[in-house]
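When the chains are written out, they are named A, B and C in that same order, and each has its own residue count from 1.
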Amino acid sequence: MVLLRIRNITRVFGALIALRDVSFEVNRSEILGLIGPNGAGKSTLFNVISGFHRPDKGRIFFKDTEITGLRVDRIAAMGISRIFQEPTLFMQETVFENVFSGFHRHYREPAWNAFLHTPAANREEAVSRKKAAEILDFMDLGAMRDELAANLPHGHQRSLAIAIALACGPELLLLDEPVTGMNPSETEVMIEKIRQIRERGVTVLIVEHDMRAVMSLCDRIVVLNLGEKLLEGPPDKIKNDQRVIEAYLGKQVI
Amino acid sequence: MKLPDSLALVKAHRYKWIAIAIVLIALTALPLLIENNYIKHLLIMACVGTILGMTFSMLFSAGLITLGAAAFYAVGAYSSTILVMNAGLSFWAAIPLTLIITAVLALGFGAVFVRNAGVAFVIITLIFVQVVVLAVAQVEFLGGWGGIIGIPRPDPIGKVNFATKTDYYYLILAMLLLTIVVFNALYSSRIGRAWRAIKLSPNLAGTLGINPYRYRLLAFVVGSTTASLAGCFYAHYSQSITPGAFGGWLSIYVQLYAVLGGLEFYILGPAIGALVMTFVPEYLRIVKEWEPIITGVLLLIVILFFPGGILGTIRSPQALNMSNLQSLLKWLKVLLPHNKNG
Amino acid sequence: MSLSLFVQVLVNALTIGSIYVLMVLGLDIILRGTKILNFAHGQLYMLGAYVMFLFFQALHWNFLLSLALTGLALGLAGMLIYLSVFATLARRFTPTTTFSYRLLLSAMASVGLMMILQQGTLLCFGTQERGIQPPFPQIIDSFGVRVSLMRLVIILTSLVICVLLYLLMNKTSLGRLMRAVSYDPEAVTLQGVNTFWVFVFCFALGSALAGLAGGIIAPAFSVTPVMGQDVIFLSLLVLLVGGIGSYRGTIAGGLLIGLLLSFGFQFLGGIAELFVFMLVIVILIFRPGGLLGEAAG
C-alpha cells in the first residue's frame, strides 16, 4: 500500500534546477533509501516533502491526501516527522524536555483545559511524560535525561533528534544522513535502531551517504542525480548498475 | 526514578510553597509597616512596572522582542478613562470591558505584526507605540497633547474608598497576583512549552506540529491585554493621563526590568528588575538629568557582564562574565590614545 | 496649489527623503553586516550635526572639507563603539545562542548607548538650538519658482554619497566581502578571511553615513540634542517600508516617506505623520517583507 506518493516534483532556485520531474512512491512499512552524489537534490526533496520549500511543479500525496504546499506544522500534524541533517534540538533544554515537547500534537484536551490544569489535562500530560521516558529508554538515552541537549556528544544528539521525532508518533519518518560521520560500531547500533523503528510500524525514508549502511538497511533505493531520478529498485540492482557508478564517478561506491 | 531524587524534589517543592507563603504575607503586611506615602507610591509603580515587564517576558518566551509594551498600556488607560468619564460606567465594569476591547485590538494588529518575526517585529512594535501616542494626541476628544485630568478614583467597595495609597497598593497587588497566576498557568502548560519550543528553534517546533504564528499571536494578545489591565489601574491611580507619559523611554524601561532581573525568569525577573530600577535611583539620590545616563550605563553593564541578569547571576555565579571585563579593559587600554576622536 | 509652492514642497520632500536614504542605508549596512539593530543611529546623526557645527561654524573650514571630516569622525566613533560594546557582546555568543537572543541583546545595548549619547549631549550642550550659517544662502528664482540653493546642494551631495557607496559595495573587493559577510559570515570565515574587521568596518561605515546625514542637514535646519530621536523613528519606518536588505527599496522608501510627509504636512498638518504610519501598516499587511525586500523575516 502506498503511503507517500511524489508526482513530477520540480523545484528551481534562480537558475539552478534542484529537482526536475521527480516521481516515486513510498510503500507503508518499508525503508526506502534516497541516494545520489552531492547536489543531487536529496535535501531539497526532503524540504519539499516536509513543507519548508514549496515545489514549483508537481504534487505530493500522503495517505491519498494532497499535502503539496501545506505549512510545515500542518504536514507534521498529518504524521510526517523529519530529522534535520545538522542535529536541530532545543539546545538549552534537558534531554527529557526535548522529547516531552515532541508530544505537542497528541494532546486531545483543548488548550483551555491545559491552561486551567484540569485533572483530565494533567492526566494526559502524565501519560506523555511516561511515554517520553519510554522513548528515551528505547533510544538508549535514559541515563542522560537531565543533561542539557547542547552538552551531549554528537552521536547522542542524533539519537535525541530521532527520539523527538518518534514522540510525534509519525507514520513516515524522514531521516537526513543519520549515520554519516559515525564509526562502524555506532553505525551498526543506529541501523539496528532504525530497523526497530520500522518494526514499530513507522515507514522510513532515508537519505544517506554511507553506502554500506544504505545497502544493508533499505528495502528499496531511489537514486537521484542532478535533480532527476536516475533509477529505482532493490539494493542488489542498484549496487551493480553502471549508471549509478558513473553518477558517482571518481567516488568510491562500496 | 531513583528514590533520593524524588525525595529531594518533594522537599524542594515544599520549600517553594513555604517561600511563596512568606513572600505573600510580607507583601500583604508591607503597607502596614511603611508610613511614608512616597515609598508606597514607589511600591505601587514597581508593581505596575512588574506587570509591564512580565508582558515583555511573555513575548520573549515565544521568541518575540517587543519595544511596544507601552502601546496597549496606553490603550488600556485611555479606554477605561473614556468608559468611566464619558460612558458613565463604574471602574469595576470598565475593567473587563477594557480587557475585551484591547484583546480584540491586539488580535487585529497582532495578526499583522506577528507575521514578521525577528527584526521587523521589533521595529513595528516600536513604531506602533509612536502611532498610538500620536493618534491619541491628535484626537480632541481624548484631550490632545494636554491629556485628560480629573479621572475619578475607583468606586468604593464597602469601606475601601481608595482615598489612601494603601488601598491602591492592595488593588495593584491583587492585579499583580492575578497576572502571576494566569501567566504561571500558561507557562507550565503545553502552551508555554510550545512558546519555548518556538523561541529555541522555530524550524524544529514546526516539524513537531506547532504553528508558530498562532502561538505567537496568542502571546501577543495575552501580553497586550495584561498591559492594558495595568493601564486601567494607572489612569485611575494617577487620575490624569497624557499621551507623552506612554511614549519616550517607557517601553525601554520596561524591557530593562526584564533584562536586569534575568531574562530567563519570566515572572520573578521583571519583579526584581522593576523593584531595583524604581528604588535604587531614589536612594542614590540621582539627579533627574543624570538618570537616563545612569540607566544606559547600567543597561550596558548588565548586558555585557551579567548575561543572566541579577537572578541568573545568583543562580550560577560562574556565568559572570569576567573574561569579557578583562578583554574590554585591554581594548580600552589600546584605544585610549585615540579616544578624543569619539 | 501654485507651481512655486509645489516645487518648494517637492524640493523639501527630496531634501528630507535624501537624508532618510542616507540614514537607512547606514542602518541597513549595520543590520545586515553585523546583525545589530542600531537604535543609537539617530544619536550618531545628531553627533554628526554637532561635529559639522564645530568644523564649519566654529572653525570656519570649507563646507565639503568639514563634511568629509564629519563622516570620518563619526566613522571613527562608530569603530570605537563597535570595539568597546558590540565586539565585547559578540564574544559572549556561542553557536547555540538563539537568533532572537542575539538580536535582543545587541538591540538593548544600542538602546543603552542611545540613552547615554542622547542625555550626555543634552547635558553638555544644553537644550538650545544652534544655527549654522548656510554656506549657500542664495535663492534660485526662475519663472516665479523660488528654490533654496542649499537644499539643492543637500540633494546633490546625498546623491554623490549614494553613488560612491554603490561603487564601494559593487566595484571593490571590500564591498564584495561586506556583502558576502552579510549573507553567510561562517562561509567567509572558512575561506580564511578575518570577519571581525569586516564587522568593524560595516559598523564604522554605517555610523559615517549617519554622521554625513546629520552634517549635510545641519546648515538647512538647526542643530539640537533631540534631533536624533525624531529621525530614528522615521528611519526605522523607511527600513520597514523599503524592506530590510534591499538598497533599491531603501532609496524608494526614503523618497516615498519624504514625499508623503512633506505633501501631507502641506495639506493636512500634524496629522500627516499618523497617516504615514497607518499607510505603513497597510503596506505591511500586503507585503510583510516591505516593498522590495524579501518576504522571509
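Basically, contacts are C-beta pairs under 8 Å (C-beta built on N, C-alpha and C of every residue); 3 or more make two chains touch, one makes a residue touch a chain.
Just so it is clear, the model here is predicted, and its values are computed rather than measured.
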Identity of the chain that, by mean CA position, is farthest from subunit B: A
Chain whose Cα centroid lies nearest the overall Cα centroid: B
Dominant interface by contact count, named by its two chains: B-C
Cα-centroid distance, subunit A relative to subunit C, in whole angstrom: 46
Chain centre separation in whole Å, for subunit C relative to subunit B (CA means): 31
Distance between the centres, which are taken as Cα means, of subunit B and subunit A, whole angstrom: 41
Contacts with 2+ other chains: residues of subunit C: none
Numbers and ranges of subunit A residues touching at least 2 other chains: 91-92
Subunit B: positions in contact with at least two other chains: 200-201
Of all residues in subunit B, those that touch subunit C in their complex: 60, 63-65, 67, 109, 112-113, 115-124, 126-127, 130-131, 134-135, 138, 199-201, 249, 252, 255-256, 259, 263, 289-290, 292-293, 295-300, 303-304, 307, 321, 323-324, 327-328, 331-332, 335, 338-339, 341-342
Subunit C residues touching subunit A - in the complex, by the definition given at the top: 96
List of subunit B residues in touch with subunit A within their complex: 185-186, 188-191, 193-194, 196-197, 200-201, 203-212
Contacting residues of subunit A [partner subunit C, same complex]: 91-92, 150
Residues of subunit C that touch subunit B when the two form their complex: 31, 37, 73, 76-77, 80-81, 83-85, 87-89, 91-92, 98-101, 103-105, 107-109, 111-116, 118-120, 122-123, 233, 236-237, 239-240, 244, 270-271, 273-274, 277-278, 280-281, 284-285, 288-290, 297
